[in-house]
Structures are given as structure tokens and as C-alpha cells.
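Quick notes on the structure that follows.
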Amino acid sequence: MSDATAPEPPGANRPFAKRMMRKLQDNWRSVIIAIPFFWLLFFFLAPFFIVAKISLAELAIASPPFTKMVEWTDSGIMTIRIVFDNFTYIFEDSLYFDTYVNSLKISVTSTIICLLFGYPVAYAIVRSGPVAKPILLFLIILPFWTSFLLRVYAWMGLLADQGTINNLLIALGIIDEPIRMLYTEFAVFVGVVYTYMPFMILPLYANMEKLDGSLNEAAADLGSRPTNTFFKVTLPLTIPGIVAGCLLVFIPATGEYVIPDLLGGGNVNMIGRVLFNEFSRNSDWPVAAAVAIVLLFLLVLPIMVFQYYQGKASEAD
Amino acid sequence: MYGKRSRFLTIMLTLGLAFFYIPMIMLVIYSFNYSKIVPVWGGWSLRWYNELFQSQEVWEAVSLSLQIATLNATFATLLGTLAALAMVRFGRFKGRTLFGGMIVAPLVMPEVITGLSLLVFFISLNELIGWPAQRGFTTITIAHITFSMAFVAVTIQARLTGMGQDLEEAAADLGAKPFKVLTAITLPRLTPALVSGWLLAFTLSLDDLVIASFVTGPGANTLPILIFSRIRLGLRPDINALATIIILVIAVCVAIAAILMLRQQRRDLRDQQLAAGEG
Amino acid sequence: MAVVPPAGAAALAPNSLQTIVRHGLNGTQTVSDTPWLDQDGQKPLVQIKGVSKKYGDVTAVDNVDLDIYSGELFCLLGGSGCGKSTLLRMLAGFETLNTGQILIDGVDMADVPAYERPTNMMFQSYALFPHMSVEKNIAFGLQQDRVPKNDITDRVHDILKLVELEKFKKRKPQQLSGGQRQRVALARALVKQPKLLLLDEPLAALDKKLRKQTQFELANIQEQVGVTFIVVTHDQEEAMTLSSRMAVMDAGRFQQIGTPTEIYEFPTSRFVADFIGSANIFEGRVSEDGADHITVQTDAVEIFIDHGQSLSVGSRIWVGLRPEKIRIIKSDDAASGLNQISGKVDDIGYLGETSIYKVELPNGQIIDITAPNQSRPMDREQRITWEDKVMLSWDPSSAMLLSS
């Protein structure tokens, strides 16, 4: 380490070389940061500004079908046109407003069903023996990796008028005429609960698994019955898992497109579907953009709650 | 936390698993149905598999989807890892909050919004600089990288945080320069997370319908787009056959992964016994 | 609590260390054991000057100064959060300084990154690379210095011999026991022949029996390789066994620096007296200040001390008395001399080799006395039991003057 025996005075070249090395190191880090940073800036953030811009424009018969925000008049004067009509239109037109409410109704209800059903399942896995546990976990994770689209399709086969359930019920003599299930709101509920259930079970499982088993024993030792222990000890301690699971179900369910389209047919309107159709038919882009912006704000709130909880959880560690 | 499983819990567990698997089992069974109308049983047959294999359209979609998924997984893992390193290991830097926000945002963003904003972006970009002239392979890949890198970044971030910084500090203490620390210590330790990140990105891409539908162009049909366009009109036996094959492939892959993990666990156990034996 | 001299127990063959610098091993313990005394104008190896470190509003290290000389085994002792680990990490280069300066061998370390410092660290978690074998772990540091391959092989071989792990060189860290991992961590840090070895709680992860044995081994290895050690520990017994000199730290400051004997026998503050071993503390005022003695009048008793600095009469002072330095006999007499006081046994704890007596003094204060159980407690007449009247006494040299 010591440069005492070096022929040239050590102070002369060394600091410069060192400075260069430092600079290189700093740049090396900057490069690592810059690549993903600019990718996201370019392909994630910039598109949103464009959507925001379009939501403030007017519909025009052109390609793309909206007016330009910034225009140069012939005399070289820049004019900026901002129109809030699209936003007022969304709230005045009952189609959009009702669709929002309907989306929220479906996603909130499905989240609650997922929680009521997923909680005991997660708890059952946690309480299983060392052999059964990994197998059960595997069985829960497997559908998670299986194609989302195909899982929805599987329910089409079950719920159709001529589907498995109706055929079975008729064969058993319970009903004479098939019950209409496919292309109803009921089918949408089933589809949402079915596809998002693993998102509820897995965070709950992860949370419960970390709980100290001796807490239950301590409660029992102090005279608490199992039911009481569950409500007084286990349930309060699994709130972080409940919050995480609910948000993981609620957020994607609200913007869902595939399930209402395939299982709801034309009969169930959800905001994701309206957006998709509005856009793919190339009709009213400014309004669709405004719908997207409103949906974004609708979802920003739960995300903030989520991050607040996560922040609190990491502080506690 | 093991313990007794009450009867209620066992019933719920059974119901849950039935709920998960009965639809898929029915899907598989009906793929072997001879009848053209899916729910009407017409005897066992491989007719639809045969039809499927002869469909040029299906093969093209499969090939396109696999190409996009591979490219996407590779780039998303690369970018996601860089992002995670920047967030966890580089301390404070300018724009860190914005960066962190942009990493988390795609996770909670409805696909519809991501898709439409990217579509609008590509159209505007085309007007501005004439690229991308046509939407399809490239635009889908870019869109997929953008949202799946966030998933990779979060996976790797969790792993990096869990690893702690002891080993990196030890390497620096032993004279390793920062870049050497990264290549000799951090990355090898990250390998399992990198593998699962890659697989996650791969699956996300294979699975995506909504974003791909937005940013695709004429002729570029990924497998989900193809499936969706067919089942939108009702049940189709050839899709049942396709679904069966996909489910089978995924089940085999996940099972292999599970077995590998189990082996690793056994190896760890053996190591512990070895250590205890000669302590 | 006995002070064990680190020298004397030799277990490892010194020849096995051709490549490791040895110095100061004289067999007799004279010069090399007290490098801070015979500096002969030589510079300290480590100079810590006015160093502070803050995390937000919390001051972890508060303006500390310390010189450590070549060949020392220096312990930083303190409770959790006292700043000892922060100080160690600043020496290693993992934490930046808010104020002050650290010099190692006369070179300011401010701009020297961790990977260029002439120090090596043994981590509390050991921080062994799990994807490398024992051998590769140890070779890692040498490879960074671009040491020729043959030299690396030789040096790794020698150090493995020193820590007696030759058989395990192909194993991965997770295939080793706790004690073996500890030795790999030590070997990995030592093989680079640092000027200064930093050890963060080196024995904390071992069980109690292994810890005691390893304490002596560590001191031996330090003596053989002659590298300066700085050890951070929260275990006072460990600090006393290992160190040639130690610093007691609290709230980011050094409370006292000295040899283990100095710290135990002559603590300067109530904190140190109570932190190292235990002490009965009496508050009082100086009643007489003689040429070779001092008398302190406390609530309970007048204490005569035949050492200590000169203090003005009437100034407030504390006096500490170690439980084992107080004699206890069964007696009904009233106290009649200096350093004598009568009391009543309030409680007894039987510890086997010793017993601990809690004695209530006339003013109500309860003090601890430990006494060896020299005879079996069968003789009912002599045995001290609950509610017995006892006479306590101590030597004029036993009491400790505590200034704060």
C-alpha cells in the first residue's frame, strides 16, 4: 500500500489518476441508472402526457382523430387550445358515470368475496402439515402461471346455456330449462373472483406464515377459546396481508376488460371495456383519454393507501 | 406455524381447490370431444388436436408470441436488474423518487391505460419522426418490456434488500473495486432472482392480451390475440385443444421448477447436517 | 472476575507462518505488551481526531479522540447503540465522517475508499461468500491485489494451517459449523496482512463454551501475526480477556481508556464502575485531604482511601466498593474503626463457589458483598444467614474514587 519507495514523488501523478478513476466509477453508476430511467421516462411517462394532452383536445375528423393542442396560425402566432369539455361530458353522460359506478361495484364486491373465501383457504394451507403444505401451495400457484385468457374461457364452457352446469342440472332433473348464466353480471363476478383469487391467497399466506405459532398457544394457555383467539389474535395480526391482498384484487379488477367482454357479453359494462371499445373503433379519442385519466385518479387513491401501509410495515421492521 | 386444521378449514380448502381445478379439468376433457359443439359429448377423439396442428395461423401466432416473450424477458430482466440495483444499492441520486414511482406504477396500472397510452405514443412518434412506420412485433415487444421490467425490478429489489450489504462490504474491504463487487458478489448471489424474474417476464408477455391488442398492427397476431378473436364468438373445440396443450406445458415447467427447489432444500439440509456433524 | 493475561497459553506452532509478519514475540511479556507506553517518539498506527458521526438528529459518535499503537489488541466495549460499531465502520471506510480525521500510518483516510485501505474487517455475520469455497473465500482478497497465483496458493495454505482448517478448504461456508466459519472469516481478513484488523463482535455468534475457548485462540493468533487488532464487543468478559487496552464507550463518547486492570481497579466514573463488574456506590463529600490519603464522609460510613488525587475538602464525590473487596463476618459489635460498618443480612444468593449477600446498612442502603464459600455451610454457628448481624470491612486501598 505504501508508496514511500516509489521512484517518483507519489503526490504528482496519483491524485490525477485517482480522479480519473473516480470519474469513471461515477459514470459507470450513472449509466446503470440512466438506461432504465430513460426507458421508463420515454415509454412510460411520456405516453401519459400525450394521453393527458389528448384528453384536453377536441374531436376532429382526422388521423389521429383529435385537434392539436399547439397550433401555429398563418401569422406565426402560437395558440394553445385546452378544452375541458371531455371531462364535463364524462360526468354529464350517464353512460360513463354508470359504467364507473358499475365497475367499482363489481370490483369491490369481488374483492370482498375473494377475501371471505381466500382467507380460510390461506389459513388452511398455513395450518397444514409439512408434507401437504408445499403441495397445496403449488396447487394455488399453478393457476397463477396458467394463461389468464384460458381460465376465463374455461368458465364459458361451464356457464353457457348448453354448458356443463346447465347440462348437469337438467340431467339431475333439478331444472327443465337452462338457466341463463353466461353473459350476465353473475358470470363476471365468477370470472373476477376466479382469476384474482390467487392474488388474495398468496399475500395472506405469506403474512400468516410469518406469525409466531406460540402466540396461539399463549392465547390458549391464558384461557382463550380457538374462535376467540382467531378474532383477538390472528385476525388483527393479518391485517397487512388483508390490505395487500385486497388491493391486488381491487386494482386490476376495476380496470378489467377481458372478463366483462367474454363472460358479460354486451350486457355488463365496465370501464376498461368501454375504453377499449372506444379506442379500437377509433371513434372519440379525446373522451376516451379523459376516461383513462379519471380512471387513473380513481385508482391512485388505493395505491397511496397501499404505499402508506407498506411504508409503515418497513418502518416497523 | 403448524397446527390442527379444523373441519371448517378443510372444507374451505377442498372447495377452494375444486373451484380452481374443476373448470380446467372440464376444459381438458372437452378438448377430446368429437362433437363440433363443445358442450355436447360426441365421443373421445383427437380430431381437434389434428386440426390445430394443421393450422398455419396458430403456428404463426405461437412463433410470434414465443419470439416476443423471449426478447421481452431478456431485456426486461436486464433493465429491471439495473433499476433494482440503482434503487437499492446506489443511495441517493437526483430523480430517485420519480424513478421509484415509475418502477412501481406499471404494477398497479390497469392494462387498458398502459395499452392506450403506448398506442397514442407510437402514433404520435410516427407522425413526428416516422418511426415506428408499422405497429407489430417491435411495438409489442417495447410495450411488454416496459411493463414487465417493473415486475422484474420489484422481484430483484426484494432479493437485494433481503441479502443485506454485508457481503458487498466484505468484498470491498478485501480490496474489490465497486465494479468487481458487482460482478463477483452481487450478480452471482442474484442468480435465482434473475432466473425467476426472467420466467415471470416471459409468462407475463405470453399471457398479455390487452396491451398487445392496443399496440399491434395488421397481421401481427400473438397467441392471446388469436385465441381471443376466436372465443369472442363462443366456444370452440380447437381452442380447448390448444388450452390443454398450454396447460400441460405450463404444469410441466412449474413442476420441474418445484422439484429443483425441493432438491435445493434437501441440499441445504445435507449441508447443515455436515456442518453439525463436525462442529 | 479475574483479569487473565493474554500471554502464556501457546497452542499454535509459530513456524507455520513464514509469510505472515511476526514481531514482538519475546516469550516474556515486557515491551510488546504495552506499546502505548514505550512509543519512543514513534507515531501511533491509528489516529482518530475529533471524529463525529450523526444520523439525522442522532449522534452516533461524538467528537472522539484516540491513538492506537502498532501491535495492540484494542477493545471497544459498550452497550448496543453506543457508537462502537459506527466507529469501526468509519475505520473500514463504510461510513463517512461528519467531522474530524482518521489517519492510519500517518495517511489521512478521508479520500481513501474501503477497497484501498490497509485495513481488513471481520464481520459480525462473517459475511462469507456463500457461492465460493473456503479456499476461494480466502483467496478473494489476494486476487484483488493481483498477487501471483503461486503466492496465493502458498499464503492460503499457510493461513488455513494457522486456523486449522486445511481439511475443509473445498467446503462451502454453509457446510461449516459456526466455529469453523468464524475461523474462515478471520483467515480471510488476516491473509491480506493488513496493518489493522477490525473485528466486529467476532465471537458473538458462538455458543458460550466455544466463545471462551476462542477468546484465547484469538489472542494467541494476534500475538503470532503481530497485526494490530481493534475488536468491538458488548461482552465485558471478552474485552477483559482479549485486550491489551480497551475503551469503554457510552452515548458516542469514550468514558475511559486503559488496560483491563486499570479499568476494573481504577474506574473514574460511576458508569464505568458499574458497567465493568459491579460496584456499591456511596455518595459523599471529601472530609479530609491528606498527603497520601483522602477521607470521604458518606451517609452510611466514613471511607478512608490511601490513594487518589488531591481534592478540595467539601467537594461532592462518589466512592465505589467492589462486592468481592468487602470482608463479611458474623458479629453483634458496633462498628469501631475506619472502613468498618455493621449491617443486617437482608438476602443471600448461593452461587456455588461464592455467595452473594445483600446487607442492609443502618441508613437503609442495601449493598452487595460476594464471599467465597470456603467451608461447607454445615456449621450452623458460623454460617451467615438471614437477619444475622454482620460486620463489614475493607482495605484502605480498595475503595475507588469516582468523579462523576
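The chains carry the letters A, B and C, assigned in the order they are written, with residues numbered from 1 in each.
As a convention for this text, a contact is a pair of C-beta atoms (placed from the backbone, for glycine too) under 8 Å apart; a residue touches a chain by one contact, two chains touch by 3 or more.
Keep in mind the model is a prediction, meaning the values are calculated, not measured.
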Ask   = Looking at every pair of chains, which has the largest contact count?
value = A-B
Query = Taking each chain's centre as the mean of its Cα atoms, which chain lies farthest from subunit A?
reply = C
Request  = Report, in whole Å, the distance between the mean C-alpha point of subunit B and the mean C-alpha point of subunit C.
outcome  = 55
Inquiry  = Can you compute the centre-to-centre distance for subunit A and subunit B, using the mean CA position of each chain? Integer Å is fine.
reply    = 15
Query = Of all residues in subunit C, which are in touch with two or more distinct other chains?
reply = 116
Query = Taking each residue of subunit A in turn, which ones touch at least two of the other chains?
reply = none
Query = Touching two or more other chains, which residues of subunit B qualify?
reply = 177-178
Inquiry  = Per the contact definition, I'd like the list of subunit C residues that touch subunit B in the complex.
reply    = 92-94, 113-117, 119-121, 123, 125, 127-131, 140-141, 144-145, 171-172, 174-180, 188-189, 192
Message = Going by the contact rule set out above, which residues of subunit B touch subunit A in the complex?
response = 1-6, 8-10, 12-13, 16-17, 19-24, 26-27, 30, 37-40, 79-80, 82-83, 85-86, 90, 93, 95, 99, 102-106, 108-113, 116-121, 123-124, 127, 142-143, 145-146, 149, 153, 177-179, 203, 206-207, 209-210, 213-214, 224, 227-228, 231-232, 234-235, 239-240, 243, 246-247, 250-251, 253-255, 258, 262
Ask   = Which of the residues in subunit A end up touching subunit B in this complex?
value = 25, 28-29, 32-33, 35-37, 39-41, 43-48, 50-51, 54, 64, 117-118, 120-121, 123-130, 134, 136, 138-143, 145-151, 153-158, 160, 162-164, 167, 194, 197, 201, 208-209, 211-213, 216, 226, 247, 251-252, 254-258, 261-262, 272, 275-276, 279-280, 285, 288-289, 292, 295-296, 299, 303, 306-307
Query = Any idea which subunit B residues touch subunit C in the complex?
reply = 164, 166-167, 169-178, 180, 184-185, 188-189, 268, 271-272, 274-276, 278-279
